[in-house]
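Listed after this line are the structures, all set down as structure tokens.
Shared between the two complexes below is chain A, which has chain B as its partner in the first and chain C in the second.
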Partner chain A sequence: MRGRRLTAPAGAASRRLLADVAGLVSVSAFYVVVSVVLAGLWRAATAHGPVAGYTGRELTWYIVTAEAATCAINPRLIEEIGDDVVSGAVTVEMLRPAAVGGVRLAVETGRALTRLAVLLPVGAVIGWTAVGPPPDATGALLAVPALALAVAVNVAMQHAVAGISFWLRDTRAAWFLYQKLVFILGGMLLPLEVLPDVLRHVASALPFAAMAYVPARTAAGHVAPGLLLVQAGWLVVFVVAALAVFGAGERRLQEVGT
Partner chain B sequence: MSTARVLRTALADAVARRSAFWAQIGVMILNDLAWVAFWLLFFHAVPGVRGWDARRVLLLYAVLTTAAGLALGLTSNCRRIPQLVSGGALDDILTLPVAPLRHLLVRRVDPVNLGDGLFGVVLFAVTGHPTPARIAGYVAGSLLGAALLASFLVLTGSLVFVTGRGETSSLAMNAILLLASYPVDVFSGATKALLYTAVPAAFVAGVPAGLIDRPGLPVALALVGATGTFAVLGGGAFTLGLRRYTSGSSWRSH
Partner chain C sequence: MGWVPDHTAPAPAIEATGLVKRFHARGGEVEAVSRLSVTVPAGERVAYIGPNGAGKSTSIKILTGILRPTAGDARVLGLVPWRDRRRLAARIGTLFGQRSALWPELTARQSFRMLAGVYGLDRRREDRRVAELGELLGAADLFDDPVRGLSLGQRMRCELAACLLHEPEILFLDEPTIGLDLLAKTRLRELLVHLNETCGTTVFLTSHDVADIEHVAQRVVVINAGRVIFDGDLTALRRDLLAVKRVEVGLESPAVVPDLPGVTVEEHTDTLLRLEVDTARTTIRAVLDHVLDRCAVGDISVLDPPLDQVIAQIYTRGGVR
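For the complex of A and B:
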């Protein structure tokens, strides 16, 4: 029963998203543009040989996968959750017989996974057309669960961060900074191996790498199944954190109001 | 009310909430620093790409942020035409004795994007090796790039008068800004041709930045011509679209 309280809104959110064909076309078109541009840049960069251990073909699949992981997410999620908390909209959700944080996590994960399911075949066509099949079949297969985990970790962490708006009231700037951390330290724009040693070690220890770098490196043929376990670990951490922050925030709203 | 006075009022309104104004500018500067970090890291790993190195890309980025800051900051409604049209917000403008498009464009100033412009100026001052000739090229190039960007956004935003939807405009803005932020020589064939025609991203930053390094009359004339063409197309599309605008009876609650 409790599971259904979460799967039902997630399924409904997914169906609503699929019904918005224009929105999906728009997301897919942006994904195509950004993937083609970045993959083109990296292919040009590898014209005289591999960069940081990646060939042009590997980097093309790297970029196509990393972009799918980030384009599947609503980039302004932190801001929108913060607005709902500040405007009091979240208090209406507290009337439901389910934890607000849990339902929101389920809904956003459902949406993001649906977008990902739409972007995956588009990305496969881009990669295949540009450089042929993925460098490694095992890597390509493992990249699918890695992408799903990447999206789930990203959604959970954004909820954990956005929950701070129960206390700070203004998280509008946070989404912008969060996004840039995923861009650089998450390996969305460039593989972590390109970073200077110190920065690479820092980035490897942070959760952002689980959101783009892990599935992208896997799809590029550098298979390390242990990285998926790292993603699973971060997922547990941020789901627990998000539920705890939202739980505490709900109690605060009940005690002191909006 | 003159266009300059409307712009002054919009600026005063944006600056009135002083802490929010500076916070938004600061956020945009941090965003731009992240992109500069990306390019420095990229060229740390790759010595050069088709004749482009870190210095040339930073010059391109200085022009792009300045042009985008001017277009999306001072004439920020150029990106909001679909929302304004579908929300019926043109009604009150059409009752005024002013040129609707010009008034609409300067009526709102966006502090976030002013941060972009400020960043571009500082980036050029620090990395652009400013000399009087280069400063003149940077100012002229940025102004033309801004005018072209705003015109392109008005043109694509005016499609809402026909289609009734704003997704195309949003996609067009993201696409032109994204494409303008990369060295144009990365692209080839049909994609490169597209950047000089239908989605004129090359003229927003790449061509003006090239003119700062290597001034030349034919390229400068091409830039002026492209800007003029898109200004005419944008203004014409908006004016034609106004004939179809019929939202006077829409219900709103604000």
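For the complex of A and C:
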């Protein structure tokens, strides 16, 4: 029964997403364009040999996977949570017998995983058409749970960050910064191995790598199963952080109102 | 002083004593709720009204647990709302006319599934409740259409079903008929009364629509400047608190306007004389004697003023006489 408090909202969010066919087509089209362009660039860059240990084929699968991980997320999630705090929508959610943060995490994770399930076959077609099958069968299989974890970590961290809107109200700066950090330090545009040594070490130690780099390098055949455990660790950290921030935010709203 | 339970009487659904809520504002502190006390027995239909900024929303937020008062005590269904918010939420329903609990892309039934999960209902209980509510609200045929395709009146019936899914003991309604057409408003009001009479659900209604108050409420609580300025039934609100009556005289021939203290002429034609009488200054009997002596009366009636006029005067005065 307790599980249904989370699975029911996640399931409804998934059905809601699938009912919005136009939205899914637009996300898929964006995903195709970005993946094709970036994969093409990387294939050109590797025409004379591997870059940072990645061949053109590997980088194509890297990009297709990294873009799927990020396109599956609502790009304005942090901003929208901030708007909901300010507009009083979160206050209304406090009238339900469940933690606002918990239900919101379930809804967004359900939505993101459904979007991912739609993008995955699209990505497989792009990769296969461009360079043939994934370089490594084990990597391809492990990339699926790594993608699911990547999406879940991203959703949880965005909730933890967006929680500042209970105090600061305007989250646009946080959203802008977060997005850029995922772009660069998350390995969305390029493998972390391409970065200078110091930056690479910093990026590897940050949670952003769990959101794109880990599933992408796994799909590219650079398999390191331990990284999935790191993803799981970040997931626990950010779920706990998001729940704590929302819990504190709810208590603040009880004191000051909206 | 702390709240002391009365073990001899059945627990009221809502009991608030001396509630105060102050907010920090730029110019200092603002007291939105000021020593507000109200008690609502279980099973009653109460209209909770007041002008904009009177403290209605703030006090409702306190009573539903989403706002903590600066001072005062409250028990709703025996729980302290701001301390037991989630436990209370499982036992109350809220319907805000301008906020939807339903997702527009989904059918109402699909949204009910999500809400049933959040409220901890198992599938069997959820199915039973959806069937019961479909019958009770005459809305079963609406539950499988996407919500975005429903008219506002149909959607509000689905919203009502959504907030009744978990069988709440108290229903907090904020402007439930806003934007509805006349027929949809009438239907929703009838449903609220029916629900109260068949299920015993306590109804706590806020509305600026006087007809909502007249057709739904058994009792009216008027608040202004954060405190209760009237608490009684509709008849008392009209009869006792505004000592104003309307006298309508059908004339058989033209008549002279009576000159009495506290009597003002609202309308005067050759066939109709409509007077407003301040009974604190002149009795109705004196007015009737005066009119019957001096006019050729075909018909005469003494009426209470319309409720909207009564309420408007209470708001204007900030209290009652």
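Observations on the structure shown:
Throughout what follows, the second predicted complex is superposed on the first by the 258 of 258 C-alpha atoms of A that agree within 3 Å, B and C clash if a C-alpha of one lies under 4 Å from a C-alpha of the other, contacts with A are read in each partner's own complex, and residues count from 1 in each chain.
We adopt the following convention: contacts are C-beta pairs under 8 Å (C-beta built on N, C-alpha and C of every residue); 3 or more make two chains touch, one makes a residue touch a chain.
Everything quoted here is computed from the prediction, not taken from an experiment.
In the superposed model, A:Arg252 lies in contact with neither chain B nor chain C. Touch criterion not met for A:His201: it reaches neither chain B nor chain C. Contact with chain C, but none with chain B, is seen for A:Pro9 once the two complexes are overlaid on the shared chain.
When the shared chain is aligned, chain B comes close enough to touch A:Leu189, but chain C does not. In the superposition on chain A, no chain A position is in contact with chain B in one complex as well as with chain C in the other. Against chain B, in their complex, chain A makes its touches with residues 22-23, 25-26, 29-30, 33-34, 36-37, 40-41, 44-45, 47, 51-52, 173, 176-177, 180, 183-184, 189-190, 194-196. Taken in their complex, chain C has these residues touching chain A: 23-24, 58, 61, 64-68, 82, 85-87, 89-90, 92, 94, 96, 99, 103, 105-106, 110-111, 113-120, 122, 146. Considering their complex, residues 1-2, 4-9, 11-13, 15-16, 19-20, 89, 91-92, 94-99, 103, 253-257 of chain A touch chain C. Those residues of chain B that touch chain A in the shared complex are 23-24, 27, 30-31, 34, 37-38, 41-42, 44-46, 49-50, 165, 167, 170-171, 174-175, 178-179, 182-183, 186-187, 191.
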